[in-house]
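Chains here go by letter, A, B and C, matching the order in which they are written, and residues are numbered from 1 within each.
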Amino acid sequence: MLALEGVRGGYGKLEILQAASLDVPDGAIVGIIGPNGAGKSTLLKTAFGYLAPWAGRVVLDGHEIAGRRPDEIMRLGVGYLSQAGGLFAEMTVHDNLVLGGYTISSAEKRRAIEDVYARFPLFWERRRQLAGALSGGEQRLLAIARALIVKPRLLLLDEPSAALAPRFIDDIYATLVSLNRDGLAMLIVEQNVEAILAVAHRVFVLDLGRNAFDGTPAELRGSDRIRRLYLGEDGVEGTTA
Amino acid sequence: MLESLLEFLIQGVVLGGLYALFAVGLSLIFGVLDVINVAHGEFFAIGGYLAFAAVVLLHLPGALGVLGAAVGTFLLGLAVYPLLIAPLKRRLGGRPPGPLYLVLTLGLSTLLQSSLLAIAGGDYLRVPPQVGGILDLGVTAVSHQRLLVLGVAAALLTALFAFLRWHPQGLAVRAVALNPDAAQAMGINLPRIFALTLALGVALAGVGGALMAPLFNVYPAVGFPLTIKAFAITILGGMGNPAGALVASFLISVAESLSVMVIPSQWQNLIAFAVMIAMLLVRPRGLFGRAVTR
Amino acid sequence: MSRARLALAAAVGLAVLPALLPHPFVLTIATQAAIWALLAASWDLLSGYAGQISFGHAGFFALGAYTAAAATKHADVSPWLGLLLGAAIAAAVGLLTGFPALRLRGHYLALVTLGLAEIIRLVATNWLALTGGPFGIHDFRSFPGLPDGALAHRQAMYLLVTAIVAISIGVMYGVCERTTAGQAFRAIREDEVLAQTLGIDTTRYKLLAFALSSGFAGLAGGLYAYYVQLVSPVVAGAATTSLVIGMAVFGGLGTLWGPVLGALLLYGLYEGLRFVGVVYNLIAVGFVIVVFVIFVPRGLAGLGRSA
C-alpha cells in the first residue's frame, strides 16, 4: 500500500537518504533496521511528509503523496508515532485522546474513546491526569491507542521500543502483533533487531542512506555478510543503542 | 486616603480589561506561532478606524462599529500568516529565524501605521461612545463606556479560554503550541491553525481599539505604545502563556493606577517597563512562564 | 585588495561630491544620511555581527543627542566634548543593558531594549528641567570655527560630520573584520555555546559589543544634535529604531558596509519621497523591510556577493 522509490532527502543541505526504496504490502509488518545514522528515522519522516523528498517517489495506494503535508497524509489513513510517542505531555490523557480523533465526527470520536477506555481501564482512571505523568510504557501505549482512534490502515512507528524496559517492549510488540492480525499494516524503524525480526514479515536494511538488503527475517539471518555487518555478531556495529 | 485608594483601584481594574484584551492575544500568538507581533497595536488602531467609519461615516449603531472592527481585523489578520509569515518560514527551511520574524512584524507595523496615515490622515478622530452615562459608585464615578470595555473584555476572554479548554479547535490550538509535529500527526492543518490564531489574537486587539476609540481618540500611532506596554505585560506573565498575560494585565494596570498616589502621574507609564526589567533580572521566565533562554 | 581600494576611492569621491554642490537641500540630506549611516553601522555591529538583537537603538541615539545638547545648552560645554560625553553616556547605558542581556536571547533581548528606549523616551518627555519636555532642547551652539555664510557653513558641517562618521565606521569595520573581537562576535552569533567551549570569553565580548555599539549610536546622536540644533522626544521613538533596522536589513546584516549603503539609499528614498507625499516615505520603509526580510534576507550586500 505504501512504496518509496529511489528517495533522496535530508535536512537543509545535509543529504541523508541517497537512494532508498521500500514497499509495505497491505496488512504486512515491515521493519527497517540499520546502523545509527543510516537514515531510518529520516526515511520515516520523509514518508509521512515532515520532510519533502528531494527526488524519488512516495506512493500510497497508487497515488503520489510526496510534497503533501503530514496532516494530509494522516487523513489518507496513515498514523505516525514519533520516537518519544508525540504525546502532549502537558495535556490530560483524555484531551490527548480527543485530539487523536481530531479528523472524525464527534459521535465516532466518543465511541472510539469509549473503546480505548474499555480496553485500557488504566487510562479511564487517569483520564484527568497529565499525559506526562504516566510511566514511559504507559505513555507509549497511550500514543498507540490515540493513533488508533481514527482507525488507520497503516502505522509508521519510529523505534517503539526505545528507552523501555524489556518487559514493556514485549507488551508493546504483543499489542502491535494483535493489531496487525486485525489487518493494520505497519512500517517500523527499530534499533532492537531481535524485537523486530520476531514479528516482521519483511525487513529492509538501510546503510548510509541506501538499501543494503531486503528480505524476510529468515533470509536476513541466513546471510552471513548481512549478519556480520548489521547484526553486530562480529562487533562491527552495535545492534542496540 | 482610603477613598482615593478605592477609586484608583477601580480605575485600575477597568484599565486592566483593555490591557488583557490586548496582551492575551499577543501572548496567544507568540505561544502558538513563536512570533512576537510588533504590529499588534496597529490592529488596535485599525479597530478604532473601523468603528469610526461605521459610526461617524456610515451612521451605523455603535454595536455594529464594534462588530465591524472585530470582523475587519479578523479578516486582515487571516492574511498575515499566508502572505508574510509562511513565505519567510518556507524560505528559512529549518534554519533558525533569529530576529527575522520580529523585524518582519516591525516592518508590518510601519507599513500599516503609515498606510493609515495615508488613508485617514494624521488627525485625531473622535468616535461617540457606544454607551453613554456614568455609574456613580460613591467613591468614584466610572463612565458606562469604561464598564463596557471591562464587560466585553471579560466576556470575550472567558469565551476564548473556554474555547481553548474545551472546543476541539481550541485543543488543536493548544496542541500546536505544545508540539507542532505531533499536532500534524493528529491531522491538524498547521497553516490553518497559525492563520486562525493570528486572526483571533489581532481581532481581540481590534475590538479593544473600537471600544477605546471614544476614550482615546483615533490616530495612526494610537496602538504602538500599547504594544510596547503589552510586551512588558507578557514578559511579566510568562511569554506564550495567555492566562499569565491575563493576570499580569491587571497587576500592571492596578500598579499604574495606584502609583499616582506616590509619584507624579506623568511617570506612571514607566512602571510597566521598570517591572519588566526587574522581572527579567530576577525571574526571566515570568510569574507563570515558560523558559526564556533558548 | 585593489577592488577594495577602488571602492574606497569611489566612496571618498562620493563623500566629497556633495560638499562641492552648492545646494543646501542636497547638503542637508547628505549630512543626515551620513549620521544615519553611522547609526545603522552601530546597530549592525551589535545585532548583525554579534547577533544580539537591539530594538533600542533609538534610545542610545537619543541619549547621545540629549546629553550633547543638554551639556552645551545648560553648562556651555564645548560641542567637541559634548560629542564625547554623549557617546560615553550612551556606551555606559549600553554596557548596563548588556548585563541582563547576558542571560537573555533573541526575542527577550529585543523586548528589553525596546522597553529601555521607551523609558528613555518617557524620561525625555517628562523631565522638563533638563530635556525641555515635548518641545525638546533647542538654541544651543554648534561646532566653533565653522564659516558663517549659510552655504559655506553647511558645506563645512557636511565635511566635518562625514569625516567623523567615516572614521567611526572605519574603527568599527577594523574591530569587526581585523581583530579577534570581530571573530568572537561572529562566533557568539553563530553558536554561543560552541564559542564558549572554544575558550571565547563570551561575557566580555558581548559587553564589548554592547558598549561599542551604543557608544557609536550615541556619537551619531551627538552629531545629530549639533547638526539639526533641535532634540525632541521624537528621536527616541520606535520609528527611529524601525528606520535603522530597515536600513540594515535593506543593506545586508553583518557586513557593516551593507547597512551603511542601506542607510544612504533608504534615507535618500525616504527624503526623496517627501516630494511625492509626506506619508509615502514611511510606507516605503515598511515595504522595504517586509519585502527584504522575506525575499532578500542578505540584503543588497548579499546580492552583490552572489552575483
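Methods note: a residue touches a chain if its C-beta (ideal position, glycine included) is under 8 Å from a C-beta of that chain, and two chains touch if they have at least 3 such contacts.
A quick note: this is a predicted structure, and the numbers were derived from the prediction, not measured.
The central chain of the assembly on a C-alpha centroid basis is B. Counting C-beta pairs in contact, the pair that comes out ahead of the other among A-B and B-C is B-C.
The greatest centre-to-centre distance from chain B, using averaged C-alpha positions, is reached by A.
Remark: chain A and chain C have CA centroids separated by 54 Å (rounded to whole angstrom).
Per-chain CA centroids place chain A at a distance of 42 Å from chain B. Mean C-alpha positions place chain B and chain C at a centre distance of 31 Å.
Within the complex, the chain B residues that touch chain C are 30, 36, 84, 87-88, 91, 98-100, 102-104, 106-115, 117-118, 224-225, 228, 231-232, 235, 239, 264, 266-267, 269-270, 273-274, 276-277, 280-281, 284, 292-294.
Per the touch definition, chain B reaches chain A in the complex via residues 93-95, 168, 171-172, 174-175, 178-179, 181-190. Looking at the complex, you find that chain C touches chain B at residues 47, 51, 53, 55, 100, 103-108, 110-112, 114-116, 118-119, 122-123, 125-126, 238-239, 241-242, 245-246, 249, 277, 279-283, 285-290, 293-295, 297. Partner chain B is touched in their complex by these residues of chain A: 11-12, 48, 50, 69-71, 74-75, 79-82, 86-91, 95, 98-100, 102-103, 106, 147, 150.
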